[in-house]
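I have placed the structure first, in the form of structure tokens, so that the comments after it can refer back to it.
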Amino acid sequence: MGKQYEIPVGAQHISLLEPLHFKFTTENERIVDTAANVFYVHRGIEKACCTKFKFRQVSFVVGRVCGLCSISHTTAYSQVAEKLVKIEVPPRAKYLRMLVIELDRIHSHLLCLSHVAENSGFEALFMKTMQYREAFMELLEAVCGNRVQYDFAIVGGVARDLKPTVVLMIRERMDHFRHQLEELIDIFRNNWTLSLKNKSAGAISRDDALRLNVVGPFARAAGLAIDVRNETEDLLPWKEVGFTIVTGTSGDVYARNLVRLHEIEVSMRIIENVLDGLPESALVTETKAFPDGEAVVRIEAPRGELFYYAKGNKTQVLERLKIKAPTFSNISAMVEGFQGSEYGSAPAIIASYDPCLSCTAR
Amino acid sequence: MKKVETTVESLKRDIGNFYQPDKHHFIVMNAVDLGEKLEVQWFFSDYDPPYDITTFYTIIEPQEELPSIKEIISSAWVAEAELVDLIDIHIENTGKGFVLEEDSEMAPLRKKK
Amino acid sequence: MKTFFKALGNLFKRPVTVKYPFEKTFIPEDYRGVIGFNESLCIWCHRCESACPPGAIVFSQDMEGKQRYYYNRAVCIFCEECIRSCPKEGALYNTHQPAQCAVKEDNINNGWNILFEEALQSRAAYAAEKKRLAAEKAASAKLQAEKAAQVSKE
């Protein structure tokens, strides 16, 4: 047995995008043990939503939990508040919510892929993927009015309508992006130097994924076919617009990259179906009721399953709001997934888990 | 959503009989401050249709100690450590300090009188 | 090998970077910008003030009853909740302009907190004064009615 060293990959590190802290115990460059510390950006959002803000204003507060999956949080909160005041959302609002959720998924997956490429040493691919992502940021700005904070879903429906010029812009950019996506799939699948860093790094088996309750592309790459869009048909009609589930087999960084790229293909198909079949109706359902009772909602954010629990007490202010982020479920699997890997691939493995610490430590 | 009542003594037995790793998915653990007492909830979902959500809940006094479910579900240590700091419930084998530092305000999610 | 030739080809292409803020970037025509106020259409119902999530709108009232509208572009999150809750169309509208930066002389943070408290207090003071005047008037009217009843009895 060689000598063991403890190396921290700390809250401030040159390759980390998120403020998390791992302390690795290594022996001859192989990792044997890990300790994690993740609550660096705790802001007390659950407490603020139950004391300072009225229940209609909470959807704007909750959208600022995370910058990458902002639409998932606002939509999930709007759905749980609609269950508490017992109203139904008009069909056009449901389709527009699905459109923005899928556009958001594309830009978030492109960000994660570019970060994995950068940490594996392939900086030119990082720049190329970010260049392709810029087209989608401008598209989201045309649809929602802002690049990062959409404020799109409100209690009762959506805030703005989709103009015909914007529909043309979406179709044009998707056509342009199609052959760019094929080029990216070709590089991530066949490039030899990238595969040296990514194959068999950070692998997790299907049994471990079941035992540790992982969610998102992390679980789907290990062979576990779970996706909340497969399981909830009553709130948003995913199967109607052509959703299919994408899985991998080997559970390592290489499989996760391919799962994300194929999910981008599925998202593009969903967006085209939504634009072709957009129904005509109102945008918002008005109501004067106050929230009462308890309700629970799950939604598929780009990183996995997002869970909301809310309890009302017939006043303007909620009694309790509980948010469970997808990375929260993955923390114990992240800690176990480092076992046996080389210390040099730790940044690439962390990037492939796609952690979002703002959601976790709200 | 199906709510199933349990007690502090029968918690490990109820969850141990119910949870199967290839059929159920443990989502999260939650606690609500009801004023004099606390309601603690455990959420599970199904991997197979019809994809129901099952909730185990129990109502306890603030000073009671709950048993931990880490031996049945190994990934539950994160949820338990978060609740111990934020709502100040007592769970066996779980210490404070994962979320909040020593000089911060304790138990922020409890209602202050 | 393919990537190597593509990288060589990139040497002869234009860079894709946009040198913002010296060059203009893409801004759509319905960009969510600063909120504008049309005083002639306002009915002073205060619905925008109670709907605003961060508290960027406040109304103050002087002792004659005239109200005044204050808006802070640094606190505003441009969510348009105020426009949706306003019952009069056109009193509040979106100017589609990005907010300008604030300098230290504007005192836009601490100065706004003080202004907010003073505005709420001025409204409370006006309401208390009105209540006191109404109570006085009611008391003197009651006194006159009693006197009139006594005179008619005699």
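First chain written, first letter: the chains are A, B and C, and each begins at residue 1.
The rule we apply is simple: contacts are C-beta pairs under 8 Å (C-beta built on N, C-alpha and C of every residue); 3 or more make two chains touch, one makes a residue touch a chain.
Keep in mind that this is a model prediction, so the values were computed, not measured.
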{"item": "Category of the chain touch graph - line, ring, star, complete, other", "value": "line"}
{"item": "Pair of chains joined by more contacts [C-beta pairs], A-C or A-B", "value": "A-B"}
{"item": "Chain located farthest away, centre of chain C as origin (C-alpha)", "value": "B"}
{"item": "Where chain B and chain C are represented by their mean Cα positions, the distance between them in whole Å", "value": "43"}
{"item": "Interchain centroid distance [CA atoms averaged], chain A/chain B, Å", "value": "25"}
{"item": "Rounded Å distance between chain A and chain C, as computed from the means of their C-alpha atoms", "value": "34"}
{"item": "Overlap residues in chain B, where contacts from two or more other chains coincide", "value": "none"}
{"item": "Multi-partner residues of chain C (each touching 2 or more other chains)", "value": "none"}
{"item": "Footprint of chain A on chain B - complex, ascending", "value": "1, 21-22, 25-28, 30, 32-33, 41, 43, 45, 47, 51, 53, 55, 73-75, 77-79, 82, 98-100, 108-109"}
{"item": "Chain A to chain C touching residues, read off their complex", "value": "53, 56-57, 60-61, 124, 131, 134, 138, 141-142, 145-146, 149, 151, 154, 159-160, 163, 186-187, 191"}
{"item": "Residue ranges of chain A in contact with chain B within the complex", "value": "37, 39, 42, 44, 46-47, 210-213, 226, 231-232, 296, 298, 305, 307, 309, 311, 319-320, 322, 324, 328-329, 331-333, 361"}
{"item": "Residues of chain C that touch chain A when the two form their complex", "value": "2-3, 7, 16, 26-28, 30-32, 51, 53, 77-81, 84"}
